[in-house]
Amino acid sequence: MSSLPIDTSVDFAGIRLVNPVMTASGTFGYGSEFIPFFDLRRIGGIVAKSLTLEPRTGNPPPRIAETPAGMLNAIGLENVGVDAFVSEKLPLLPPELPVIASVFETEIDRYAEVCKRLTGVPQVAGLEINASCPHVKSGGIEYGQNPQLLARLVSATRRATPAPLIIKLSPNVTSIAEMARVCAGEGADGLALINTLQALDVDLETLRPVLRNGLGGLSGPAIRPVALRMVWQAAQAVDLPICGIGGIGSAEDAAKFLVCGATAIQVGTANYLNPRAPVEIAEGLAAFAATRGLPRLRDLVGTLEGLGSS
Amino acid sequence: MSSLPIDTSVDFAGIRLVNPVMTASGTFGYGSEFIPFFDLRRIGGIVAKSLTLEPRTGNPPPRIAETPAGMLNAIGLENVGVDAFVSEKLPLLPPELPVIASVFETEIDRYAEVCKRLTGVPQVAGLEINASCPHVKSGGIEYGQNPQLLARLVSATRRATPAPLIIKLSPNVTSIAEMARVCAGEGADGLALINTLQALDVDLETLRPVLRNGLGGLSGPAIRPVALRMVWQAAQAVDLPICGIGGIGSAEDAAKFLVCGATAIQVGTANYLNPRAPVEIAEGLAAFAATRGLPRLRDLVGTLEGLGSS
Amino acid sequence: MTTALPIRSEATVLENCAEGGENVRLRLEVEAWPGSAPGQFVMLSPGAFRGTDSVDPLLPRPMAVYRGTPTGHGAAVVEVLYKATGRGTRLLAAARPGEQVRLVGPLGRGFVLPDPGVGSVLVGGGTGVASLFELARLAAERGSVRVLLGARSADDLMGREDFETLDVALGLATEDGGEGHRGLVTELLEPVLAEPGELAVYACGPTPMMQRAAELAAAAGRSCSVSLENHMACGFGVCLGCAVPLAGGGFDLVCRDGPVLEASAVAWEGLP
Amino acid sequence: MTTALPIRSEATVLENCAEGGENVRLRLEVEAWPGSAPGQFVMLSPGAFRGTDSVDPLLPRPMAVYRGTPTGHGAAVVEVLYKATGRGTRLLAAARPGEQVRLVGPLGRGFVLPDPGVGSVLVGGGTGVASLFELARLAAERGSVRVLLGARSADDLMGREDFETLDVALGLATEDGGEGHRGLVTELLEPVLAEPGELAVYACGPTPMMQRAAELAAAAGRSCSVSLENHMACGFGVCLGCAVPLAGGGFDLVCRDGPVLEASAVAWEGLP
């Protein structure tokens, strides 16, 4: 789309990406499902479905529902387990592709154990800790909703692995800045945000939640303005590199996250509507930089003006 | 739409409404602007634009922007002031119409003073305290984001007026249940929720926020699943009557809020798209009750099944 | 069964015409269409057209490939029969010739054809009929085929004229008796199942209909292939949204492991 | 100026045809239309049609009433000229005859007509031309009228043929020189302002154009009425979204106090 040679590469938490476009955990399977749709090496990297120590089965259906410009999900912990991921799923991916493994557990020591098993696996470029898991002993509050719990989670996973450690934050909090600072204080290498907003929809025929699980997570374009706000607040609060997530469906959407301070971004729900979305966004970002006369796409990061820090 | 005589009336925080449909503060002007569109007496009541002690001017433009299935706004405190409201705006409304005055200030003693001035005014059926105002001394955090600040606000306004006192909660919190309990503990008569979600969008041409103010509030259908979740959580947490707000555009949307535990609802952003929305929703709710064979619409309130309290 | 890899394509609407009732026949021109097996489906994005990038409704809608007709140079006309009832399908029904609709497919595992020489019976109800046309055509090359179609009223019966052009025996049932047998289509199935000899049984339609067909087949000592529906976000196994509980515990994904499953494998009481 | 109360109506599309460039002419049949004053506008909801209750794009779009023609029994044909560029207007451009579009109006305060005997000059640029047609027609009943229309290219010029049917002197300017004066339309205004005698000056178009027209008018000792644009959610004074800063401090609402304001009252540097 342009003749200017644009440098689209970024360094995110010590991981070199050919461009800032990654895919969000739970929306990209284990990656190989997208091989029919595009050459995965044309995007920065992928984040696989969150992994637990053992293979897990998920919630009974319905697990998803459509909402205005968004969707609700409550999949449960369903995944193949960390060992099958390493032995069966990773080998299906192009070796050059940076793969970030997402970790999701109910107990902190189990989180740490999954991290250990992923450490040193050649293709695993980094670990993303999904802090939106409910902590059963605290009455179902998410790890990412309580600063003390989050600090313990980050510190335990930090001790478990020298790999680039990215903490994926829950948006269901009063102060995302506080949570970002907790992660920085405990030695995280980067942040990813946002996960889904806790939400509910009702089936008026049955007078029950539309999802069998009851509550679910809201994703998609509807949440993008909330995600942009939180990314900007987190970027103001800490020096860690940030991966922006939430309702990204176009290169313009992605560029807005960069402007708000994200070094990289993840494409989530948009993968369902358009399995070529990540590569189209990567191409669109390069074209965007060319149009603006930016030789390096990363020069866009954190360029937002006119908003005092808060 | 039906021959069954449906009793649509509800008692909300001691205020009798002919039906549960009210209008949300800031989306219905001072009410009289809607007289060309429908007979205001056909809805339960209205909540006027939030009032301050003195007349106030608002933020410079742009003040609003469209987002996926929603909109952002940062109007500022613009309003005619409490005295002009009482002397100039209230007399334009039909005397039978229950009017709830919304109160919005920067300092707690000013909140209390506005409440005092509204107390005893014949047409003021109740007061709604907008707790989404930033508390300047606490670094811009909203009253409704901090349990101690909120407790002081509720207790001060409670002492200032014997009128039905409704606290309008901010959704930008980790635990809406905790905030609801604070209000119940300080003697509030009812809750209204949700106010807008704090959000941001970026203009890629200028690399500035789309709103001149920077951050704004997200409203409209996009936020409805978050609002339903919070209404249900608040209803589980306290015995206070709840007025549900957030993205309501149809009778079905309104019915979902009732099912989740709201006694009444407020129509907000939908008024802009369709100034007859409130009366159409009121009619639709009656038809809905008739179709379900419910002689009293209020029997729908809190009928959600299949979701354990949390 | 084909193992063609799915594509994402901006398909061009050739025709989008009302049939009886709320039924609509959509004909799409798709470049580089890899072909599909009977019972496979596509995901169609209703919001991705009309000259605007609207994101409401957001999710693509799963639709069976009713018929795929190659037109040369790898392109094909992909035909879909659907009922315009909800927000997405009503928007889809507003697409005019020349407009584009995003398509992802072919997806899922379709029907396994009967062994050569074996006859088959296909039971279709409502929009489920759309999954059966290609199966009927191909099964007729293997053995004698009976197709039993049901709907609420004659108006709702989908694709009937097309089935009449095939070499199959057609039985019709409508709940209001406006056409064929008055009652449920499964009432036509029972006597067929009682006939002696090998018989492949296929069903696609509303869940209660499929469940009943499966019960009748089991009572007659026969297995039954059903094509299930479920809410879907992706259609190719990555959102894990379309899980269907299995009789032996755990879940299959309708989009990846199905939509065609062996009826006895399904935990019917756990379906949404 | 009319004080007709606004209505909300589901208007029926009679015609929605491409004019030059991205310009579209929409003719709506509106029941119980109360009539409008020149310069008033309506809010049109692009999402409220196409057989679906889509909420994206969400907000109604403000559009000037280009012309309103009573058709008897209180009904009227309301005509709108618009440019299909963004998400909402592109969706609007997809509406076909027979479909419905939600309309709220007439809204705002329009132009004050010149006193009888007083001539006027109307300067229109881009889509701003649409606000001027009714004004030109009525002003021509009061005195001699000059209409100066500008656009980027000849293709973009809106409503030119209609203005030619009026008893007005028409001057054209295009930036690429494809039609009339090559350059900005305000360059045509300057000599007119220098003529002696009373003259009512009106401008509607892009903000820099209106600001320039106002400067030229002020330099010639004349006042100038401008019709402003601003982002709007409601159009009738309840969202407070469309505030425009005033030279004397504070804000007016474009939808309620305008869209027509006296140019000298506006704090131009504070416009978005």
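As written, the chains take the letters A, B, C and D, and residue 1 is the first residue of each chain.
Operating definition for what follows: contacts are C-beta pairs under 8 Å (C-beta built on N, C-alpha and C of every residue); 3 or more make two chains touch, one makes a residue touch a chain.
Predicted, not measured: the structure shown is a model, and the values here were computed from it.
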**OP:** Mind listing the chains that sit against chain A and also against chain D?
**Re:** B, C
**OP:** Please state, in steps, how far chain D lies from chain C along the shortest route of touching chains.
**Re:** 1
Subject >> Centroid spacing, where centroids are CA-atom means, of chain B and chain C in whole angstrom >> reply: 46
Original post:
Taking each chain's centre as its mean C-alpha position, how far apart are chain A and chain C in Å?
Top reply: 35
**OP:** Just give me the whole-number Å value for how far the CA centre of chain A lies from that of chain B.
**Re:** 34
Original post:
So which stretches of chain A touch two or more other chains?
Top reply: 67-70, 212, 220-221
Subject >> Residues of chain C touching at least two other chains >> reply: 47, 53, 55-57
**OP:** Name the shape of the chain contact graph, picking from line, ring, star, complete and other.
**Re:** complete
Subject >> Residues of chain A defined as touching chain D within the complex >> reply: 68-69, 221
**OP:** Within their complex, state which residues of chain C touch chain A.
**Re:** 5-8, 45, 47-48, 53, 55-60, 102, 104, 230-245, 250-251, 270-272
Subject >> Contacting residues of chain C [partner chain B, same complex] >> reply: 55-56
Subject >> chain A-facing residues of chain B, complex >> reply: 67-70, 72, 139-140, 145-146, 172-175, 197-202, 204, 206-209, 212, 214-216, 218, 220-226, 228-229, 232, 247, 252, 255-256, 259-260, 303-308, 310
**OP:** Spell out the part of chain B that touches chain D in their complex, as residue ranges.
**Re:** 26-29, 33-34, 36-37, 49, 57-71, 73, 75, 78, 212, 220-221, 249-250, 269, 271-276
